[in-house]
Each structure stands twice: as C-alpha cells, then as structure tokens.
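One structure below.
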Amino acid sequence: MAVTDTALDNAHVPGAVTALLAEYAHCIDDDRIEEWPGLFTDPCLYRITTRDNHARGFPASIMMCDSRGMLMDRVVSVRTANVFEPHRYRHIVSCLQVVESGEASWRLRSNYLVTRTMRDGTMAVFSTGEYQDRIVLDEGEPRFNERIVICDHGMINNLIALPL
Amino acid sequence: MAVTDTALDNAHVPGAVTALLAEYAHCIDDDRIEEWPGLFTDPCLYRITTRDNHARGFPASIMMCDSRGMLMDRVVSVRTANVFEPHRYRHIVSCLQVVESGEASWRLRSNYLVTRTMRDGTMAVFSTGEYQDRIVLDEGEPRFNERIVICDHGMINNLIALPL
Amino acid sequence: MAVTDTALDNAHVPGAVTALLAEYAHCIDDDRIEEWPGLFTDPCLYRITTRDNHARGFPASIMMCDSRGMLMDRVVSVRTANVFEPHRYRHIVSCLQVVESGEASWRLRSNYLVTRTMRDGTMAVFSTGEYQDRIVLDEGEPRFNERIVICDHGMINNLIALPL
C-alpha cells in the first residue's frame, strides 16, 4: 500500500504557509523588523512564555502583544530605546508538525533555535523552544493569528529585545 | 528544461513520512516518551553509535534496542530510575536526504542537533549527528523499522538518559 | 478561499533542488569533499563573506572561488596541507526562502548553523549565517551557479579549512 491516501498525506500545508514561517525568521534576522507586525492579523496574539508556565496554564508571559499596534510599539522600542547592546539573531526552525489543517486556517508546531551574535562577534545559542501557531488566510495571504513562543528556559526575561 | 521529471523529482517522500520524523522529535521534546516505542515496528532496530564506530563497522553501540519491548524498558528506566538530573531535549532536524524511495519503504538520512536544558535553566548543545532511517508502512502507517543515531562524538555514553 | 493559487503557492521548488541543498551539507559532513566541486557549475561563484562586508557591498571575501578548478584546489589543500587539527562539521539548514523561481533557475535563501567537532570530541557551534544561492539546471541536473555564504560574524577567517 502506497502512502498516497489523503488521510496519511495530511502533513502537507500550502507552500505559502511554510513561506510565512521562513519570512518570519528572515524578517527578524535581516533586521527588517518594521515588516514584522505585517506578518500578523489584527487583532492577533503574540506571546513569549516558558515551558513551565505554559505546562501549568499560567497566563504570565515574558512578552505579550494582541494587536499590530502593540507589535509596532515593540519595534519602535527596539529602534529607539537602545538600552541593550546591539545584536542580531539567526533562526533555525524545524520539525514542522501540522496539528490542524483547514481550507483557510492551520495550526502548526515547530521547534526553533535562535543564536545571538553581538557586535564584537561573540555568538551563542540564545534560546530554544517551540512555536505554536495559528495561521489564517487574511486578505488572501497567510498571516499569524497566533504565535506562541514557548522557551525551554526562563532565564532570558530581561534579555529579550528583538522578538523571538 | 524544467525539473519535473520523475528521475529528478525523487527527493519527495509522502507527507506522512516526514510527519513521522517530526513526531519522533516532538514526542521526546514534549516528554511523551511512553508514545515513543509506538513509532517503531516490532521487531525494529534502534541504535545509538558514534561516527568513528560506525565508519569502522564496529558493532559497539551506546544504546541498542531491537523490539518495542526493549524500547519500553528504556522508557520505564527513564521514568523510574531517576539517577540523572531532570532535563529536557530540543531536537532540530534538517538536510533530509532520500536514499531509497519505494512504495512502502524509504531509506532516509538527516542531520540532527539536540540541545539539553536542565531544571535550573542551563542550556547547551548536547549532541549533533546523523539519523539513518529505514521507514516502512506498518498497518498502514509509516514507522521506523530502523533508526541509527550516529553521534559526531563519543563522550556522552554515560549521559544519555532520554533517547536521542 | 483555499491557498492553491499559483501566486500563493510559489514557495515550492522541485525536489531535486532541495535535494541539492541537502547533498551539499552531507557531502561536507560525510568528508566526501572531493565530490563538492561537482555540485557547482563551471564557472561558478562560491564566496564566504561576513554580514557586515556584505551589507556594505564590500568585495572582500574570506574565501572566493570562481571555477571548479579553484574549488578543487581548495579540496587538495584541505587534504594535503594538514596544518589544522582534524575536525568535522555538521550542517543544519532551515528557513528556505524562494526569492526567484524559474523553469531552470532559482534564487534561494536559507539559514545555516554549522557545528564543529574536534578529534578529541570537543564540539561547538562554529558558524551561523545565511546562504544566498543561484541554482541552475546544468546538463539536466541542478547545480550551484552561485553560493554566497554570509557569516554572522567575522572572527573565523583563519579557522576555515573545510568549506561552510
């Protein structure tokens, strides 16, 4: 029996959906964060939390935005506050899992690893964890209706400037 | 000439097969290791070895299981022995290569990187290496008939509690 | 509205093209670097540079080869010079983005992370950055016409022996 049944073959999502995941990463890694809010619907939910908080159902977040305006506030604060040493991220994303797949909406999970490179060239693995996404078609384009970032560790609260 | 020939386009495998690779990673990273043996056929071959041992054809393994029962023993030992400090893994898997592709069986290779996060939040890259898989259709579902984990280094013998 | 429009679904490239990206990584990680020049067209452009140099349009490169002969020189130097401590890489590649997609040519971007494992088992994240590729059909097979490796940091000039 060949695995061509629809039932078995449901791991596929449209290329435009996986392209959104890639553009999210490149948008931040390229330092084009002004374009980052446009990857979300309005309203939306963008939340950074820890595995422990998430597992216990705690609402506490390291970062939480529920509209494009709040996401843009975040961008402005990165661009103007400058209280942190300049740095850049590099995203690695894999193990994409399709939790629900509809005509115009998808629930996805993936693993991420983000490295951080400082101005002086020092580089380290900064954060690992999981993305839990709800992606919907919005004006014909896939956008994040929800992106929950679940960090494996909780020691980075004060260190997060750029979005993960 | 467009690359639509079957000959050139053989890198595709059914979505259910790549979904198995993702579920393997999430199953461990989610701490749902009781479900891990069910991803294998029975009998099966699960083996962790090092690049040096593998290259020289040495049969020595860091871990070896050839049935679901042995995989389940491993799970029980993780859950009850508790001689190690609690930790969690995060899998990153990429560079999937299709070595052989049949109607109901596939040989795949991929690269992995696993980070380990301790209870206190300390996180490090724990292991990198290669998966060499034989996946078959088993009761209509893709399962690992073989998963050989070839670690880039051999210094982790005593440290492996969770499966890689 | 389902995302099946060609316009939205343009993130797909032929499997043979993504297979080339995987083979590039495995070729180096397997220590089959003699096969590495054959993954490029002749002439070609293989260049390793830094994010800062690339952003400012500086032509300076950490490594630059514009023919298969030059790539092969590089291989010979790795095999014979032996002025460096033996080590192996492990490539992780993700966030593939299709910049341009034609019938026989594609511009792609992806993020990479390379770990390096020394003879004594010491392992570290060695380099992260971005690949910017132009891949073309060459004698019916996809090959790199250009691969620009843009490192996130510039401190590895003297340390690069194997290609990234």
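Just so it is clear, A, B and C label the chains in written order, and each chain counts residues from 1 on its own.
As a convention for this text, contacts are C-beta pairs under 8 Å (C-beta built on N, C-alpha and C of every residue); 3 or more make two chains touch, one makes a residue touch a chain.
Quick caveat, the model's predicted, so the values are computed rather than measured.
Chemist: Looking only at residue numbers at the subunit A/subunit C interface, is the share used by both copies over half or under half? Answer same or different.
Modeler: different
Chemist: Hey, what angle do you get rotating subunit B onto subunit C on C-alpha, to the nearest 5 degrees?
Modeler: To bring subunit B onto subunit C, one rotates by 120 degrees.
Chemist: I'd like to verify one number: the distance from the centre of subunit A to the centre of subunit C, where each centre is the average of its C-alpha atoms, in whole angstrom.
Modeler: Centres of subunit A and subunit C (C-alpha means) sit 25 Å apart.
Chemist: For subunit C, give me the residues that contact two or more of the other chains.
Modeler: 92, 94, 113, 125
Chemist: Which subunit A residues qualify as touching subunit B in the complex?
Modeler: Residues in contact with subunit B: 1-4, 8-12, 51, 92, 94-98, 109, 111, 113, 125, 128-130, 152-155.
Chemist: Can you check the complex and tell me which residues of subunit A touch subunit C?
Modeler: Residues of subunit A touching subunit C: 14-19, 21-23, 25-26, 29, 88, 90-94, 103-104, 113, 115, 117, 121-125, 137, 140-142.
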